[in-house]
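You will see subunit A twice below: alongside subunit B first, and alongside subunit C after that.
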Partner chain A sequence: MNGDGRVVLQRVGNAVLIPVHGPITDDLMQALRRVLLAHLERGETRGVVFDMSGVEVMDADDFARLRQVAISATLMGVTVLLAEVQPGVAAGLVLLDADVSWARATRTVEQAMGALKGI
Partner chain B sequence: MMKHAEFRQLFDVTDADLEQVRVYGKRVTPYIDAFIERLYAFMRGALGEHFSVHFPDTRTLERAQAALRSAWLEFWQARWDAEYVASREHVGDVHAQLQVEPRHYLATMAHASKLWTEELAPEGLSETERRAAVAAVQRVIAMEAALVVDTYGRRTSEIINQQSHALIEMSTPIAALMDGVLMLPIVGILDSKRAQDIMRRMLQQVGDKQAVAFILDISGVAVVDTAVANHLIRMTKAARLMGCEAIVSGVSAQVAETIVELGIDVGEMKTTGNLKDALRLAFRLAGVEQKP
Partner chain C sequence: MKARRIKIESAADAAMASVVARQFAQQAGLEPASGAACATAVSELVTNVVKYAQSGWVTLRVLDGTPAGVEAIVEDRGPGIANLTQAMRDHVSTGGSLGLGLPGTKRLVDSFEIRSQEGVGTWVRIVKYR
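The block that comes next holds the complex of A and B.
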């Protein structure tokens, strides 16, 4: 997923790494969900990691859109992890009372990949 | 708008006023020594014990008098430009650093104005000329005093901000117990502002130190009510979003009872009664093997 609205999925072993950058629009999230779920249907994926290192600002609506994609993926039996959420983003989301209960997170992408290996 | 222009507009000081000040200045500057002497006599009487605080010895007093002398000689040149404004802002900075009370500064300026326009007023001016000159001089003195007090106020609030920042830094001593495990003992009152500061520093450290566990020890928190509990819940949620488990330790029986009585839903917040249990949990999260 990048700033010009294209969806980028990187396959790493049996996981999918999705770098998140730029504005998280409805259209972009719908496109991401479509591409991701189609990919998950093939049945080779155990986990999905959203690399959040490129996100400096995120509001509660953006996070809710991300949640919808994550929950859809979880329903297909994969583990979804957020990695490298920035301090400002984490603080902002809880201060905005965003629903963060669904999110499982790791400090780094490597830790997320390591966690998925153990599944 | 440049500051010197803004002040001139605020105090309605025209080019003609500045010219009046320059002309008047040429007539009064020969009395500068008498002016300094009388102004310091006034300050000695009016400031009382503050005078000896600001001028503890003869050397300091002489230095201050020399600075005042050149400041007034500059004033009478009536160059109200960016350079002059910067020099007066410096005066405001110095007054703030020396913690001169604004009322003392303003009283001194009022007396200076009186000295120049009454006691040391030059001879040989018609009443009309004198009135016009005095009005211009008083306006420019008021403008200069406003600039100095303005700078004084800004500098003082900067000093307060720096001090409160230092206080916050001191009140959030985050310690790294080992790789991936951080700890912060919270002592005193946890209000909304402090909670946000603690959360900001905590998350920054979680990111910098790649922490997997963060112990918040609340045994020193004076009161745990709904607001405090909500702050703690937010901190743990934010830390979890960054992949770090926050453990709240030091929950006493009384605090536990209060939380239940207030009906606070602590959700998935991990809590322990003492630091020992919190450390055990944190080390387990960090993958450290412990003796059974």
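The block that comes next holds the complex of A and C.
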């Protein structure tokens, strides 16, 4: 996902890597959900990794929008991982009491890709 | 003292306010995590303006004093909050899917003041110090 509203999916083996940048708007997340679910329907993907390294600020609404996309993907039978969540974002979401129960996270994108290989 | 006033009418304005808050936090010498907390708090408040009041203003200011910090005043002439005590409790929604998020916003900052009157509007001042 880019700040200009374009959805970017990078295929890495059996996984999809989604770089998340800029404001996480409703329009952008709806576009992402549409593109991602259409991609998952082909049945070749085992996991989805959201690269969160480009997200420096995330409020509760942003996180809820991401959750909707992640859970939609999970319901299609793939594993969803968040990678490289920034410390300020992690701390902020906890202080906001956001629902993080759905989120599986790894410190790095490489770790996420490694975890998906074992699935 | 550096300040900026931003009219809030859309999610894009909310994103802009969040970016400016982060820039001001950096200028005030806040650590990155504190700057993120400040920007997140601003984002929460201005998102409430868009959701519940349609429009309003946020005034962001770098505080040069000791300690330095960032102040944000978010104000609107929306419907106001009927029961402020209840809105400041966790897990209370006033109609939106996530509620106002005020308790969480308060936890993100060092100072939090709110005034609201039903039918008149809401005024919130937050400060995050270095």
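Following the convention adopted for this analysis, the second predicted complex is superposed on the first by the 119 of 119 C-alpha atoms of A that agree within 3 Å, B and C clash if a C-alpha of one lies under 4 Å from a C-alpha of the other, contacts with A are read in each partner's own complex, and residues count from 1 in each chain.
Please note the rule applied: a residue touches a chain if its C-beta (ideal position, glycine included) is under 8 Å from a C-beta of that chain, and two chains touch if they have at least 3 such contacts.
This structure is a prediction, so every number in the text was calculated from the model and none was measured.
Considered on the superposed subunit A, subunit B and subunit C are sterically compatible, since they fit side by side. If you stand at the C-alpha centre of subunit A, subunit B and subunit C are 40 degrees apart, rounded to the nearest 10. When the two structures are aligned on the shared chain, A:Gln111 is found in touch with subunit B, with no touch to subunit C.
Once the two complexes are laid over each other on the shared chain, residue contacts for A:Ser101 go to subunit B alone; subunit C is not touched. When both complexes are overlaid on chain A, the residue A:Val57 reaches subunit C alone and has no touch with subunit B. Once the two complexes are laid over each other on the shared chain, residue contacts for A:Val8 go to neither subunit B nor subunit C. Of the two partner chains, subunit B is the only one that A:Ala83 touches; subunit C does not reach it.
In the superposition on chain A, A:Pro23 makes contact with subunit C only, while subunit B stays out of contact range. Annotation: superposed on chain A, subunit B and subunit C show a minimal Cα-Cα gap of 6 Å.
For the contact definition in use here, the residues of subunit A common to its subunit B contact set and its subunit C contact set are 86-89, 91, 95.
On the subunit A side of its complex with subunit B, the touching residues are 82-83, 85-91, 93-95, 100-101, 103, 105-108, 111.
If you check the complex, the residues on subunit C that touch subunit A are 11-12, 15, 18-19, 22, 32-37, 39-40, 43-44, 47, 90-91, 97-98, 101, 103-105, 107-108.
Contact residues of subunit B toward subunit A in the complex are 196, 199-200, 203-204, 206-207, 210-212, 234-235, 237-244, 267-268.
Remark: subunit A residues 22-23, 25-26, 56-62, 64, 86-89, 91-92, 95-98 touch subunit C in the complex.
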